[in-house]
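Take this structure, written in structure tokens, and hold onto it; I'll ask about it next.
The first chain written gets the first letter, and so on, giving A, B, C and D; residue counts start at 1 in each chain.
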């Protein structure tokens, strides 16, 4: 691994240069909301971002994505697939969000790979950013994530005061580093200690731990526990937790017609919605809200782990912060542990 | 506030002993400066009940889930209108519900308070004083004068003591609203814009909508068994596909305009839609616009069971002649 | 967004002409539009009529849908208040659309985009005049681009 | 997937002369679902209809689009065609290429062609979503309600009753007879109006199939064709008609006197009265507003004098409900209230300016002067009489631009009567145009001129009193000079207007009125006695001004329509009514609030969802007999649970989408 330094005042010009050859997707604050979106000028970017409202997954797995166009005029079917080939750089990903891409990769890149996701993933370079402080809802360490770790990013930045520590982690990162080496300097000693101290400070704030590999197994035993019904009483059945979740990846397919032509759209769906598993017959295996809410937590903690060997939660805390009725996955984890003991 | 909490617990325990199914109130939240809805089902659970200045939630919507059960619910003044509306629209049997009113001194706008704390400050304690909220962080004590940090709806609230409830807890609270403040000030500001300015304002906001439907789910006026925007399969349910799941500007607009129109004259002003929106769309600006126009066009909303759009007067203004 | 556009469509785009979708009640306004035809009154060919039994059948969502999918203007026409074939339908229409029109204007539609008119079965000329008036107004405003996905 | 056939009609050159019909048919072939399309000269002709039926078989079509004229004209024709071809008749959708395109856009053929294609695309998009609809059958109540007892109502009632059906005739005045009973003679035959109308009045009273309610009003009509309910208020007469013999003692001895409305205020009557000697029923009522017993609380003269004790001051209004299958509205006309707007004629300040109807009473033997023509001011016989026509007719400045149709002729008759009764009298008639379209009318007009009436073409600009004379100033537009006549009496030919209260009645029954307040017929040419509300028919001047023969003809026409309806045992209902999707209905009943027909009621259902225990809940239910298919409920329903068959949300959205491409 290659490490360098990037002086803070050089970051904007570095990003500017990146924009010359790639689309730059970066955190931007709109009306106080931090979101990731393509930018046209560095001045729009929040260089040292906190946690965004929406996770960066929207760049790879868009909330609404046209996947093909069709035309049936004259009795013939014309199809045009819509795969993005554009090069992009995604700047300012925190470690939890970087990890979330590994979770999504497990779903979308397993054969047969999803080509829309795969194309964007392949064409996008990731620039990570260590956290400088924890938030009250953060608990990434529960999943073994280091708040200063860059694993999964191509280049990872850590704020060390006047400069960023730059870790070049992948061949794609190396390419970038080489291309823009005029911005970097040689690293000074002692930075690993700064990182370690930062990690410990943030970890101390994270109140929840998950015994990796153990909790998923425990959950099997509490599927029928009345706890889920009790928990669901205050649940509104909205889609906030799933839409702000960096790893939720359910979608629905819709065709939007306009005469004999149209588009096929892939749209996010939420397992909390009542029509999520509704069958054509009218039967719904998860008719009750508690069944849907339970499914979400089982998916996050158990099903995803069972299937892919990685939890479906990265401890980013977005759902905890944004749930209008304060359904807190950390409490759910703690309760499940208590129930099964 | 402590006093109210004590009376609340006492009453809840009494009602639960009398055999009600649930006492729906509030408990402390797991994140700073918050509360959460809480369903007490047994007398021993009442000790978790609280009432404080963070109890923003309108709990009335939950009643729809229990149409045939005996349930008690805590309401603030702004939540209360939803009860009679749901009774009028036959979703609730008023005789089965016990409405427990609490005097409200205004609810704290959590986001505004948190935004003013120093970044990365760890909240150690929150103290709710009479007129102020005191938050202690690692970096010292922060005092927030409540009057300045109550939610926007509280600043124009004219009914902070719920009327015609079954049980009223505690003493009447003094008025919260700032009498100088025009409830339709923001609406009028938008009305004063040119068409292009209005469009730019709304397009920016509405484009952001995630269609998570939290505003609909929390709204007590959104009382349909199944929302028309969920009927995604044309033909099969004999329904029409009004909207796709696609998060597109036209569909987002369709959703918000029609939702606002569906609750026109039925919105009780609890502003829960606006509070729960994860992307900060000021939805009350739509609801208030309709409320304002209804007042101007048709006078005060009639007590008609199905609201202002289910009735008419031959003397209504006629701009279409 | 089409893969291959018909020539008609292309020709249409060259010279923009306002497109009006009109919802007319069967008993008065549709009959009024018929009368305009029977009387051979000329009016611009920019309007496309959808027949409904009563103006109270017109869901505001139809209007919004038309405005979002391609109409530059929408006309709603029904019997004069008090003359509804179904007794009171147009009174409800009036209430609904007074409110809905204001809502549309509030979010940025120009007032001319939605017109509501009472046109009786005897008012063929009024129907023709309404269309002329709308076409003039919409031509002045230009294409409707509000609340549409611009690709 | 439906198989749609599109048939584009040329309508000769009506459509084909402006639009390229083969090109439309060709374009239509590419629309989703269209498997066959063609064009034809006249699709509504027999060979045209046969072509559709053949194509249905040959191409296995199951939805038909006919692009031709207005569906208001030929929808029923083509539905029958479909039926004959073995398809559900509601699998039809029409595109209106004639009234809405070729006839109105001949100046813009290219754009009209594009529009026509759009209209067909719309129709095809709707056709693809059409569902089969099936009418129900409802029973027919074989009784008819006639509202209004003038000559129109009388004629309609007698014709229907003579056909063997029961009739209920309701008249708001104390007697039937209407305006015709007030007329002295009828033009142009000069036969006595009472002589020809009173036998019919008596026939009504005596007819075993007619139930007559006078001094009664219809307060509410609900229900629908074949099954109406009417609420009738019998106003208190304060005279028990079962006891009263009509001897007349009471009204001759009553101490009150009141201006007599029957005599247009030119005479007086008592507070207990019959309007005129041949009134039917020939029994009095008490006008409580002017009776001393009611206004002062004491008198009781009539009660003391009545030999049979029929006076009952305690009598109350009675309200009752009747059920009928058809309604004939024959509520007649009123006269233009000239006093309010004609300042030039003195706003009614001059007693010797009277109306034509006033003149009728003045010249009538049973009138206030016993048939002598005397001026109201001093009772002198007028030597110079000026008639002014078109007072409140054909006068846009006074808000009435239509012709009242009867004034030219009744003025000619009046002129004749003056000249006949007053030797050497001078008669002047100011007119705009003379309209004498009826049988024998023109001859009568000539005769009156020959008798000496002077016709002056022009409007009168002013009438004013000078001594005992009325000075009439006007223009003779034929000679182009000013005219001034010193008259003893001026008679205004006031126009015919809608009867008092007709607007309220229209709303109550649910029929439209035209711009002048007359009831709107269903079609000005082909359905002149029907209204847009099934089972409600029009007779006489409530529909438009007309003379007696036309009134009687229309009344008989309405009666024939009633018979045609009531001789059926049951009726097919319109299947385009609302339906409720119980799964979506939340039972809020917002729909009930907007339904004008009270067709929606709550009903408790047991809901069985897959895998769920059964649950009872309330949903809305539509009574298909009452529902008229307006669709107001579908918009009130936020969930979209209530939809209108034939105009469903899905179909309408498809139409919008098709037009917005």
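Note that contacts are C-beta pairs under 8 Å (C-beta built on N, C-alpha and C of every residue); 3 or more make two chains touch, one makes a residue touch a chain.
Note that the structure is a prediction, hence the values are computed from the model and not measured.
On a Cα centroid basis, the chain most remote from subunit C in this structure is A. A summary of chain positions shows that the Cα centroid lying nearest the centre of all protein Cα atoms is that of chain C.
Of the two interfaces, A-D and B-D, the higher number of touching C-beta pairs belongs to B-D. Distance from the subunit A centre to the subunit D centre is 71 Å, each centre being the mean of its Cα atoms.
One inter-chain figure worth recording: subunit B and subunit D are separated by 53 Å, centre to centre, where each centre is the mean of the chain's CA atoms.
Distance from the subunit A centre to the subunit C centre is 46 Å, each centre being the mean of its Cα atoms. Centre-to-centre spacing of subunit A and subunit B amounts to 31 Å, using the average Cα coordinate of each chain. Of all residues in subunit C, those touching 2 or more other chains are 60-61, 65, 69, 82, 88, 92, 96, listed in ascending order.
Contacts with at least two other chains are made by residues 226, 242, 248, 309-311 of subunit B. Touching of two or more other chains is recorded for residues 73, 258 of subunit A. Partner subunit D is touched in their complex by these residues of subunit B: 67, 89-91, 223-228, 231, 234-235, 237-242, 262, 304-307, 309-311.
Looking at the complex, you find that subunit A touches subunit D at residues 72-74, 257-260, 281-285, 287.
Looking at the complex, you find that subunit B touches subunit C at residues 187, 190-191, 195-203, 206, 242, 248-250, 253-254, 257-258, 260-261, 264, 286, 289-290, 293-294, 297-298, 308-314, 316-321.
Subunit D meets subunit C in the complex at residues 70-73, 96, 98-101, 103-108, 111-112, 114-115, 117-119, 122, 503, 507, 510, 512-515, 520, 532-533, 576, 594, 596-597, 628-632, 634-636, 644, 647, 649, 652-653, 655-657, 659-661.
Here subunit D touches subunit A in the complex through residues 30-32, 121, 583, 609-612, 657-658, 661, going by the rule given at the top.
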